[in-house]
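In the two complexes below, chain A is the common chain; its partner is chain B in one and chain C in the other.
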Partner chain A sequence: MRVILERSNLLKSLNHVHRVVERRNTIPILSNVLLHADGASLEMKATDLDLEVNEATAANVEQAGATTVPAHLLYDIVRKLPDGAEVMLKTDEDGNAMSVISGRSSFRLQCLPQSDFPELSAGQFTHNFRLESAAVKTLIEKTQFAISTEETRYYLNGIFLHTLEVGGKLKLRSVATDGHRLARAEMDAPAGSEGMPGIIIPRKTVSELQKLVDDPDVPVTTELSDTKIRFTIGSVVLTSKLIDGTFPDYQRVIPTGNDKQLIIDRESFARAVDRVSTISSERGRAVKLSISDGQVTLAVNNPDSGSATEEIAADYSSDPIEIGFNAKYLLDVAAQLSGSEAKFMLADAGSPTLIHDTADEHALYVLMPMRV
Partner chain B sequence: MFAAMPTPVNDPSHGFCRDCLTFQRGAGLRCSACGSPRLARHPELYSLHIAHIDCDAFYAAVEKRDNPELKDKPVIIGGGKRGVVSTACYIARIHGVRSAMPMFKALEACPEAVVIKPDMEKYVRVGREVRAMMQALTPLVEPLSIDEAFLDLSGTERLHGRPPALVLARFSQAVEKEIGITVSAGLAYCKFLAKIASDFRKPRGFSIIGQAEAVGFLAEQPVTMIWGVGKAFAATLEQDGIRMISQLQHMERGELMRRYGTMGDRLYRLARGQDDRRVVPDHDAKSVSAETTFDTDLASAADLVPVLRALSEKVSARLKKAGIAGRTVVLKLKTHDFKLRTRNRQLTDPTRLADRIFQTGLQLLEKETDGTKYRLLGIGVSDLSDAQRADPPDLVDLQARKRAMAEGAIDALRDKFGKKAVETGYTFGKGRNAHPPEDMER
Partner chain C sequence: MAETETPRQLPLDLGHTPGYSRDDLVESRANEQAVALVDRWPDWPAPVVVLAGPAGSGKSHLATIWRDMSSALPLTASDIEAHLGARDTAQPVLIDDADAGVLDQNGLFHLINQVRGAGSTLLLTARRFPSAWGVTLPDLASRLKAAATIEIDEPDDLLLAGVITKLFADRQIEVDPAVVQYLVRRIERSLSTAIGVVDRLDRAALEQKTRITRALAAEVLNALDEGQAEFDL
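Moving on, here comes the complex of A and B:
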């Protein structure tokens, strides 16, 4: 293999691809990126066996061929080459090493044969649809923070993407929960998504996808079956296994009878929560909200260091209520709200509370209160 | 009797009798009042105040106390055929039995030994009685285990009307009289030397290491005497030609730190008898766990799971009793060839439920049941916190609350009717393995 291309093109593609490679690997080939030069392009591919990203970029191919080299190493080399440089990648005749030559710099990297590189066979996709990258961003970002990290509940370690009919219209929904909070985003279902299976997209795939959809002009083509999903964003193709599990019936936990309505300025609420929670360094300490006519008092009590309270004005006229929440969860939700006001629907101190985004009727959050 | 005593002074020829507590003047080998040879004499006798107290062959001593027939017999406390020796009484030790020795070896060395399964609850109870007596002497009691502790007796002289050395001697007598077991005490100016001292003339020992003699005394000791120097580190030192503490005493601090990092600093200071660690009363537990060594090696899930369940319930019971919960579940396995495997998993919230600990442990265990034969299984939780935030209600797992309530009901029944009043199918009728003897627990 012998190929010459611009550093910037190589860097951009490697940047997309190399992140998939785990820093620590017990299987050597998984540390490598597959390079495949053919026609007028160089294709790069990396995988962790659950997720695969590949991208092709324009290149001057003098001799077609393929090999694999350590992904992070190649990325670091290319990153440190000067701007505007041209890079030549050239394998030895025996194929055991590859040279990276640019200007007066020259590197030799050990190769592993491309035939050892695992293929994530995608199989047949049953559904396929297109979404604007902004839509993908919304589906991810509104819900990502609520994904569970608890391995024991592997079926919560991702975003549940599914369609369902709401008021006679088919909607595409993303939902994530860790048992303490739940986040739901929704939009009109795109053509082609009808009848798709409900799928759980793993956390790592979600976060890679999020990094790939930063260009608002490039639409995202989604193909899926009940075991795999593939996103094509311009020249990048991300293929991933799906979580093999059943997402719980989340609709049952979204309360419908909460009748105490609290409307509060999002910004000042978030700042106040942040301020009072300073008193407890311990993760997961509760903030107590004492809600009464036109006012919310936030209080944090830390037996080891002291206490804090803050009052903020609010729109509330139901019976007074005291309820506690994990400070971090409140801040996470507040950070997702796009409107200037947050609307809380409360029942009592022990029942799930609903939070609406006043500017986005499709987003919805549920928080489980804490004992205070 | 004590009130009339003159204020004791540090004088090499002064001291007291550990049996009748009479002051001694002169250099006689026996007490001038009762004739006992157990005299305490030391130039710094009345100026030292850090003590280490260690019960002698604790588990065995408790058993002998409760069954006088055992008094003159070699007694070994340990589990099953396959277990290890937890404690050997001093008679068994004469035959070469040591703690942590595999039971079959111990019985080879001392075939006539009486082997008793440990009754941890009893030992804990007696250990608490001893500790309560220590706490009557000073609030600064730092337990190291069920049967040993450091005591800082500084500033208690007026309260007790006598210096720490006498307080300690009287304490040893009182434990013998009131509880019926013996202890050994070490008295020094720092924890490091107090601990060494208590180990010096066991059983019923009373040893003193003063400031003046510390360096000379340490010079003659092997490096393994230093707290923190285990087998591996001793081997490293040995490679560098260091075997005795005297060698460390001739080395520079910088040199030691270059070679051994922060441990080098510790070697430097401890070798010179410098130890400024304070006696800290409550060392919070870092983890709660239970483990058992099997009679025969086990490999299959069918054999291991009931044990895991029983141990999880035990850990849970302790957490509930102590009002604490843990966030990280730790599974411990020892293979037939003594290799240790520990696996852990962090939960999103602390738990104290047997079911949660068990289910998490089960997932970890599944990956390890690959045909390997195990001799030991343990489960525990670490990352402890108070129970307030343990097992919060869950949005998704609607059964969680029911399971927690069921477990509460089981606990209540067990409290009332005994441990086996309610059992899960995991352990019911599974025999000895599912109801492991309580050996080697920590």
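Moving on, here comes the complex of A and C:
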């Protein structure tokens, strides 16, 4: 293989691809990126066996061929080369090493044969639809923070994507929960998504996808089956396994009868939560909200260090209520809201609280209180 | 709750779907007769069979398996008579939890006659034997006496361990067999206790966002022993 290409093109593609590669691997080939030069392009591919990303970029192929080299190493080299440089990638006669040559720099990297590189066979896809990048971004960003990181409940380690009919219209919904809070975003279902299975997209796939949808002008083509999903964003193709589990019937935890409405300025609320929680201990980051007519008092009590309170004005006219929340969860939700005000719908100190985004009726958050 | 207590995060009640298929059924010596009975249908010792066993011993599970294989009509013990006129007398009938509430004695009497007349089958499940149901209608009492009664015993270790594993599997949680053994050795030997313990352990793990370990199991069992109602909401 002998190929010459722009450093910027190579860097851009490697940047998309190399992130999939785990820093520590017990299987050596999984540390490598597959390079395949043919026609007028260089294709790069990386996998962790659950997720695969590949991208092709324009290149001057002098001799077609393929090999694999350590992904992070190659990325770091290309990253440090000067902007505007041209890079030549050239394998040895015996194929055991590849040279990276640019200007006066020259590197030799050990190769592993491309035939050892694992293929993530995608199988047949049953559904296929297109979404705008912005739509994908919304579905991810509104819910990603609530994905569980606790591995026992593997079925919560991702975003649940499914369609359902709301008021006679088919909606595409993303939902994530860690058992303490839940986030839900929805939009009109795109053509082609009708009848798709409810799927759980793993956390790592979600975060890779999120980084790939930064360009708002590029549509995202989604193909999926019961077990796999593939996103095509411009020249990048991301294929991933799905989580083999059943997402809980989340609708049962979204309360419908909460009648105590609290409307509060989002930013001053978040700042106040952040301030009073300074005093809280690492273990129990609880903030007690005492909500009464037109006012919320936030209080944190840490037996080891002291206490803090802050009062903020709010729009509230129901019976007074005292309720505790994890400060971090309140801040996480506040950070998601796009409106200047947050709307809380409360029931009591032991039941789930609903939080609405006043500027986005398609997003919804459920937060379980803390006993304080 | 005392003022100094550490604040506790409450978990969302995400629920789970219990598996009621034949594959989910845990078999052991304690329930082998009952399992054999269900598997043997329609070759039954009598047209009317009563399955008696303690709470959580798998009666409803067995009844569900049987209902699926026999396409039986499920009826409630307190409301039988009203359904007798319209039904196809050849269709088998299932009455789950026959001794749970007020028994429609007249209805049951007529139902048994119908079932016998049509050569069909009736399965009743109950916690106690029919003689303890407080039947006052002499004709019904004698009909029930003629029914075949199969008992599910209190669980042995094998069944208890199997059920605990199944209960976690219902919640899509894989648990280390050592934790299951730890529970089997320490909890009261009843399936209803097993259900309660698994439920609390599941909630505690979700609350603390941790794995289900022996340490967590010990914590939950201690809390239970101290009669702490903390884990109930």
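Everything below uses one rule, namely that the second predicted complex is superposed on the first by the 369 of 372 C-alpha atoms of A that agree within 3 Å, B and C clash if a C-alpha of one lies under 4 Å from a C-alpha of the other, contacts with A are read in each partner's own complex, and residues count from 1 in each chain.
FYI, a contact is a pair of C-beta atoms (placed from the backbone, for glycine too) under 8 Å apart; a residue touches a chain by one contact, two chains touch by 3 or more.
All figures in this text were calculated on a predicted structure; none of them were measured in a lab.
Enquirer: With both structures lined up on chain A, is it a clash or a fit for chain B and chain C?
Expert: In the superposition, chain B runs into chain C.
Enquirer: With both complexes superposed on chain A, which partner does A:182 reach: first (chain B), second (chain C), both or neither?
Expert: both
Enquirer: Between chain B and chain C, whom does A:352 touch in the aligned arrangement: first, second, both, or neither?
Expert: Once the two structures are laid over each other on A, A:352 reaches both partners.
Enquirer: Now for A:152: first (chain B), second (chain C), both, or neither, which partner does it touch?
Expert: both
Enquirer: Regarding the shared-chain residue A:246, is it in contact with chain B (first), chain C (second), both, or neither?
Expert: Touch status of A:246: second partner only.
Enquirer: Who wins on chain A residues touched, chain B or chain C?
Expert: Counting contacted residues of chain A, the larger count belongs to C.
Enquirer: Counting only touches as set out at the top, which of chain B and chain C does A:371 meet: first, second, both, neither?
Expert: Both chain B and chain C are touched by A:371.
Enquirer: Counting contacts the way the document defines them, which residues of chain A are shared by the two interfaces, the one with chain B and the one with chain C?
Expert: In chain A, residues 148-153, 177-182, 248, 250, 252-253, 284, 350, 352, 366, 368, 370-371 are touched by chain B and also by chain C.
Enquirer: Using the touch definition up top, name the residues of chain A that touch chain B in the complex.
Expert: 148-153, 156, 177-182, 248, 250, 252-253, 284, 350, 352, 366, 368, 370-371
Enquirer: If we count contacts the way the header does, which residues on chain B are in touch with chain A in the complex?
Expert: 345-349, 359-360, 363, 388-389, 392-398
Enquirer: Which positions of chain C touch chain A when the two form their complex?
Expert: 1, 4, 6-17, 172-174, 205-207, 209-212, 233
Enquirer: Flag every residue of chain A that touches chain C in the complex, lowest number first.
Expert: 148-155, 177-182, 245-246, 248-250, 252-253, 283-284, 286, 303, 324, 326, 350, 352, 366, 368-372
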